[in-house]
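First, the structure itself, so that you have it in front of you.
Each chain carries a letter (A, B, C, D and E) given by its place in the written order, and its residues are counted from 1.
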Amino acid sequence: MDILNAFVALLNFVIIPATAYGSQLALGALGVTLIYGILRFSNFAHGDTMAFGAMVTILFTWAFQAMGLSISPLPTALLALPIGIAFTAGMMLLTDKWVYRFYRKQKAKPIILVMVSLGVMFVLNGIVRVIIGVDEQQFNDGERFIIKAGDFKKMTGLDEGLAFKTSQGLTIIVTIIAVIALFWFLNRTRTGKSMRAYSDNEDLALLSGINPEKVVRVTWILAAILATTAGVLYGLDKAFKPFTYFQLLLPIFASAIVGGLGNPLGAIAGGYVIAFSEVMLTYAWKKVATYVLPESLAPDGLVQLLSTDYKFAVSFAILVIVLIFKPTGLFKGKSV
Amino acid sequence: MIRVENLHKHFGGFHACDGASIEIAEGSITGLIGPNGAGKSTLFNVIAGVLPPTSGRVFMGDEEITGLPPHELFHKGLLRTFQIAHEFSSMTVRENLMMVPGGQSGETLWNTWFKRSLIAQEEAALRKKADEVLEFLTIDHLAEEKAGNLSGGQKKLLELGRTMMVDAKIVFLDEVGAGVNRTLLRTIGDAIIRLNEERGYTFCLIEHDMDFIGRLCDPVICMAEGKVLATGKAAEIMQDERVIEAYLGTGLKNRAKAGAAAG
Amino acid sequence: EDIKLGVLLGFTGPIESMAVNMGAGAELAIQEVSESGALLDGSTVTPVRGDSTCIDAAAATAAAERLITSDGVKGIVGAACSGVTGAVLQNVARPNGMVMISPSATSPALSTAEDDGLFFRTPPSDARQGVVMAEILNEKGVGEVALTYTNNDYGKGLADSFQAAFEGLGGTVTIVAAHEDDKADYSAEVGALASAGGEVLVVAGYADRGGAGIVRASIDTGAFETFHFPDGMVSDATVEKFGSEVDGSAGQLPGSDSPGAEKFAEVVGDAFDPTSIFAGESYDAAALIMLAMQAAGSSDPKVYKDKVMDVANGPGEPILPGELAKGLEILAGGGEIDYVGATAVEFIGGGESAGNFREVVVQDGKFETVGYR
Amino acid sequence: MSEPFLIGDRMSGGYGQGPNILHGCTIAVDKGQIAVIVGPNGAGKSTAMKAVFGMLDVREGAVRLDGEDITALTPQDRVGKGMAFVPQTNNIFTSMTVEENLEMGAFLREDDISQTMAQVYELFPILKDKRRQAAGELSGGQRQQVAVGRALMTQPTVLMLDEPTAGVSPIVMDELFDRIIEVARTGISILMVEQNARQALEIADKGYVLVQGRNAHTGTGKDLLEDPEVRRTFLGGT
Amino acid sequence: MNKNLLLFGLVALLYIGTGVLQSWNTALAIFNMGLISAIMALGVNIQWGYAGLFNVGIMGFVALGGLATVLVSMPPVGEAWAAGGLRMIAALAMGGATVIAGVLTYKRMPKGRSRSLAVLGIFLVGFILYRMLFDPARDLIEAVNPASTGYLGGVGLPILLAWPLGGLLAAGAAWAIGKTALGLRSDYLAIATLGIAEIIIAVMKNEDWMARGVKNVVGLPRPVPYEVDLQVNPDFVANATWLGLDPATASSLWVKLLYAGLFAVVLLVLIWLTQMALNSPWGRMMRAIRDNETAAEAMGKDVTRRHLQIFIIGSAICGMAGAMMTTLDGQLTPGTYQPLRFTFLVWVMVIVGGSGNNWGAVLGGFLIWWLWIQVEPIGGAIMGLLTLPLPEGSGLKSHLLDSVQHVRLLTMGVVLLLVLRFSPRGLIPEK
């Protein structure tokens, strides 16, 4: 019984949250990794693109809610998601046309594109705040839990509860689907291969009859899909706040890079590495230890490796260590 | 001069070098031939310290040099060129040459601030030398051109030029000839012979042009599938059945050529 | 005369969402005074906003420099965030002899900063709140708490003083875990807090930032059910988000049983959320500057700085929000006032708020006042 | 005499804003024929090829394919018209597998490509062993084989090769030349630059010697081979 | 060169315009930070422009420089030293010894499981011992009057010494980082340095015993006089009145000018040093390394060592700039160190100015910093213009005017995009 309790505690406080968070990061990292893989630059505007997509979705969710549309028990936001994606894709195509294309034609160095994306980030940042403001917004509805902690305790008679949120479930499922789909798309389909070819050797891609503009368009659209989905799912699970989305950029990049830039599988692995290292290494093992160990050995202290102050430091330290042994990430990423 | 003992280099499960042992005698011009993918470039890269060997040892004279980084080997007098040209593309052709010599006093930060005149002197000498090399390679008109803008063959010449900027002991040339005009290649061949005779350079060169090999090299080593297939004088090697089967082929032209070179 | 007042708050950056209502609060007071026409023979007052960014001391000082030397403001409401406030005070306000009244810099360190009598703040120092919070919990019979704080001078200062006070009263703090605001995920913190356990989780954070994230995750995972909220968490944002999920939790925030807060809500109407954190303090900060000007009969900060204490404290007629005109008239007539304002301002030595606290509990998804101390 | 199938007619041009590299040079090839360009390093051979393929501003002169003026077309459009090109450098997708490289060669083809693929593997057996390997990990000569294979996959009407035999071993070179003759016999025009000039000219219907961006000598392959001056100055003969 | 002079002239005009239209105090305040920004940009340019090292950890080095000012200039806190100072030193020595022992073991022992176990064991035991010494020492020190001290303090030397020492501290960190992470390339190096910078900040925020952590150290001494002192100095007041200035304005102008002088000297010396280095065989070698590492290595250049050298120099410059900045601020505020402000903004300066070109970096520093501050009023003005046609009192208009602060970043973005559009290789590109 105690073993079970320990296991449930671990599941509830470490494994489920870390998996969900890891999936959120992975979904964001997929977008970053895709742009890096095909267009060959680190897109700093990705966090704010997520915010933009989520914002549009939220506005439409509110409209739907007002109209009484719903797909309960699932959140209404899923209904508005396609619209959000459409807007975001449109926005990104326009950005490409007005901004990125110029540098592409010039064959500008990646670092220039990085700076340009920083400029785009500032602009999006302003637009989102002007439209929806800086406050936190709630837009989730539908059934919040798949399993509630209290219900679980009652059901099983254990001391420890187990909670599993709908948003967590959704995120995990969507992420897995997205990774597989993207991997399949890039490696198996004609368009996907032409995108990889374009990223590998642009001139030669031209000689093979690949239309570069089409490749770029498809890339932005895919990125819009990923960004909006990631933004909405994150917002459903936590809350929507523009500043947080900007802050998300850092762990997202960390995930994409530690997994190996340009590789979808790397993005997901990276997301979990970051999430689990954050959660596990600062976890206080006291509770679990108390359940598992005989009473005489039960710990007095927290059995915590490092205090939570160092959560980020620890996850970054892990990242650096991984990179020292695998200099281009877990999945042999690209580097320009 | 260089001795390679039982060298293995594995990429994953693939054995690019599979127990190759070769010896390059001091003062020789040794040729290295073999079919595509035989492991010649890999062997070069291991000797030059670019790739770590899976197992096996490399000696220079009596000194073991296995796994030494390339820049240390350079200072021991071991130079190499790349099969796929590695020019400094955003620098001018002349700068490409002038950066080569080691131990320039201008490479120390302190001197760049407080010993300007010393640097100026050295630079003038280097410049002169670089211009001589460029003239020799017939690309002196391109001295101020960005190296990235050179034609494929010109880049190859530049590669060779870099080895001429310093007093090397042994020079590894990975297919200098590929893409170089045959007339110019003759001149390069002459230069190699001259460097060999006058300055005592030892050469080891990979080539697929049998005329060139036949004219310059003694001995010739033929590799196949990561192993040494045969060693000997150029003429013998070119008549060797195994070499013909694996490498030269029975195409009439090559037979004729090999014969001509041998004869 | 058209008097300009600087409103130097963190309009972009980490506290941008708080700054919206703070700015509105300050500007409400300014508008009220300006429209009354009672200040210094009918002077009008115009707010000039500056962005202190909360985190970038250089940008904040530059903005302050611009407000003072270019826009010619006569007083500054701000800055927000103790770090940049200190920098602005030392590098711009003191050299220029400018009065600053901060509505939100609560770090204890500012109490001892050299200020030439130019710096005031309307909220109490965190050191005081920690003690009050410890007393409240102790009286409730809570013996064991887990504590998380937002990792800045506010959170850390509060956590330090609370922990010392609570342990002094015989309580146990099972764990003290910092959290950074606006981060993507708080599972790690909640995991550690849950493992350490405790009857109540004290969340020394912000209602629309990391604090909310911690509470959310704690409720969802069933780690904690009751919380204790210091001022940063006692806001409508908390009950909007969690409603009756946090029923039974308690908290305290600066305030007294004066009717100021209610009156403030009335004055604000639905222009913005009157209970949002530091909105009232901002109103009071702006009001105090203008009242002090009136009392001194001058808009020169070097002159009116000495009057700030006088108008803030008794004796005199108590002045509530919405009554600024009345206060101005009394002062014009040579009378004395005791500005109470939205947050029952009472200054003690060093120009900071004495610290009256309102104790609240959450009932049926609403904060209900249960007493004052 | 009617005009050749593909002709770069009196082309002049250079890179970007730079000076002219080509000075009125003419290169042509007829249906089913092999034309070979030789010349010293930096003569402008690759530049001429790029000009014909539209990767360079042709400032004067014209390129015509089958009588149609294609000077203004983009390289992509030329691919659509059945032209294929193997550049001298950077001619493979290094991060893609050998097989994917070949597939990309056939990007515009709608029909079944497996047969052509089999032919390429037959021509370059080593590639078959390495077909799942990233092309960037191949040896120099193997890369060259991939590049040529990729172009063959296009099933073009005009095949342009810039030094296809650089770095390939003699046995493969012979195969390659044989194959090129074969391909030409099926009616495909072949335009190639070669430094292995003697072998190349032997199979050439037409030879061009370029010097400093100008046509220095033009003739049938045999003529050029027999011209003692050409032999001495360009073919490395004595 | 003429075009470049023109560009510098234009930027100078921006500052002069600020002086005329707003106030000279504002202009000088921006200018002083502009000088510091230019120095930071120079440091980054050395790393990126010379050697192609993608260092995104500038924030960390700047913060270390800031830390140095506290350690150098604040008076020691006697009580805290008495409470746990020696113990703390012992703990740190223990920590250092553990790391050294671990690294040495790793290097000396042959590869294999026993090595891994040994190293792991050393770190584990070392960590436990370290914590045993460290935790009580920390608690004791932090308990000493936490609201105003609670830390060990510094050594009470003149703050100017902190500038070189800040550089040295950053250089030391850069050495350690370089030794571990410089094997990485491009974005992988970037994220590693970014991570290490975050670690540095985390330590500075949480180790209260060192520099009060998030509670900030205020009231750092100054290398220049205090305005308030000048204002009561009769000589100064007399001079000010002679110039026709009121003493308050004159005093703050004078202080800023003194700072500007100090900073300018540092900047000019650095420019001279870097220009000399760049236009010499050393610079040529660095360009070669940036261009093609494999070939440079084969030509006998020790790429790893050179990378380390340049990483250390660039970081030291950033550390020095950090110390200067903290001196100017008069306080250490670890919470202010944000990647956007201290890393990416500096990168924008370098790239917009023209990477690889020292003058470009300096120009970028001045220009971008000016913008960063001035986009606030500019954005407000733009918004005012845009909303002019909207009817007074309309919901949209008031909403837009309320959001005016967010136009700040938007303006920054637009200007950045415009500059990059018209000079994609930077304003003063590398030759």
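Keep in mind that, in the parts below, a residue touches a chain if its C-beta (ideal position, glycine included) is under 8 Å from a C-beta of that chain, and two chains touch if they have at least 3 such contacts.
Which protein is which chain? UniProt says A = Amino acid/amide ABC transporter membrane protein 1, HAAT family; B = ABC transporter ATP-binding protein; D = Amino acid/amide ABC transporter ATP-binding protein 2, HAAT family; E = Branched-chain amino acid ABC transporter permease.
Source: prediction; values computed, not measured.
When you average the Cα atoms of each chain and compare centres, the chain farthest from subunit B turns out to be C. The interface with the greater number of C-beta contacts, when A-D is set against A-C, is A-C.
Note on chain placement: the centre of subunit A and the centre of subunit D lie 47 Å apart, centres being C-alpha means. Averaging Cα coordinates per chain places subunit A and subunit C 35 Å apart. Distance between chain centres (mean CA atoms), subunit B to subunit D: 28 Å.
Distance between chain centres (mean CA atoms), subunit A to subunit E: 30 Å. Among the residues of subunit A, those touching two or more other chains are numbered 129, 133-134, 307, 309, 312. Counting partner chains per residue, subunit C shows two or more touched chains at residues 16, 20, 151, 178. Residues of subunit D found to touch two or more other chains are absent.
Annotation, chain-chain contacts: A-C, A-D, A-E, B-D, B-E, C-E (touch as defined at the top).
By the touch criterion stated above, subunit D contacts subunit B in their complex at residues 15, 39-43, 45-47, 88-89, 126, 137-142, 144-145, 163, 166-175, 178, 195-199, 202, 232-237.
On the subunit A side of its complex with subunit E, the touching residues are 36, 42, 44, 99, 102-103, 106, 108, 111-112, 115-116, 118-127, 129-130, 133-134, 250, 253-254, 257-258, 261, 307, 309-310, 312-313, 316-317, 319-320, 323-324, 327-329, 333, 335-336. Those residues of subunit E that touch subunit B in the shared complex are 273, 276-277, 280-285, 287-288, 291-292, 294-304, 309. Of all residues in subunit A, those touching subunit D in their complex are 190, 193-194, 196-197, 199-201, 203-211, 334. Interface residues of subunit C, counted against subunit A in their complex, comprise 13-14, 16-17, 20, 151, 174-175, 177-180, 182-185, 187-192, 194-197, 208, 212-213, 216-217, 220-223, 237, 240-241.
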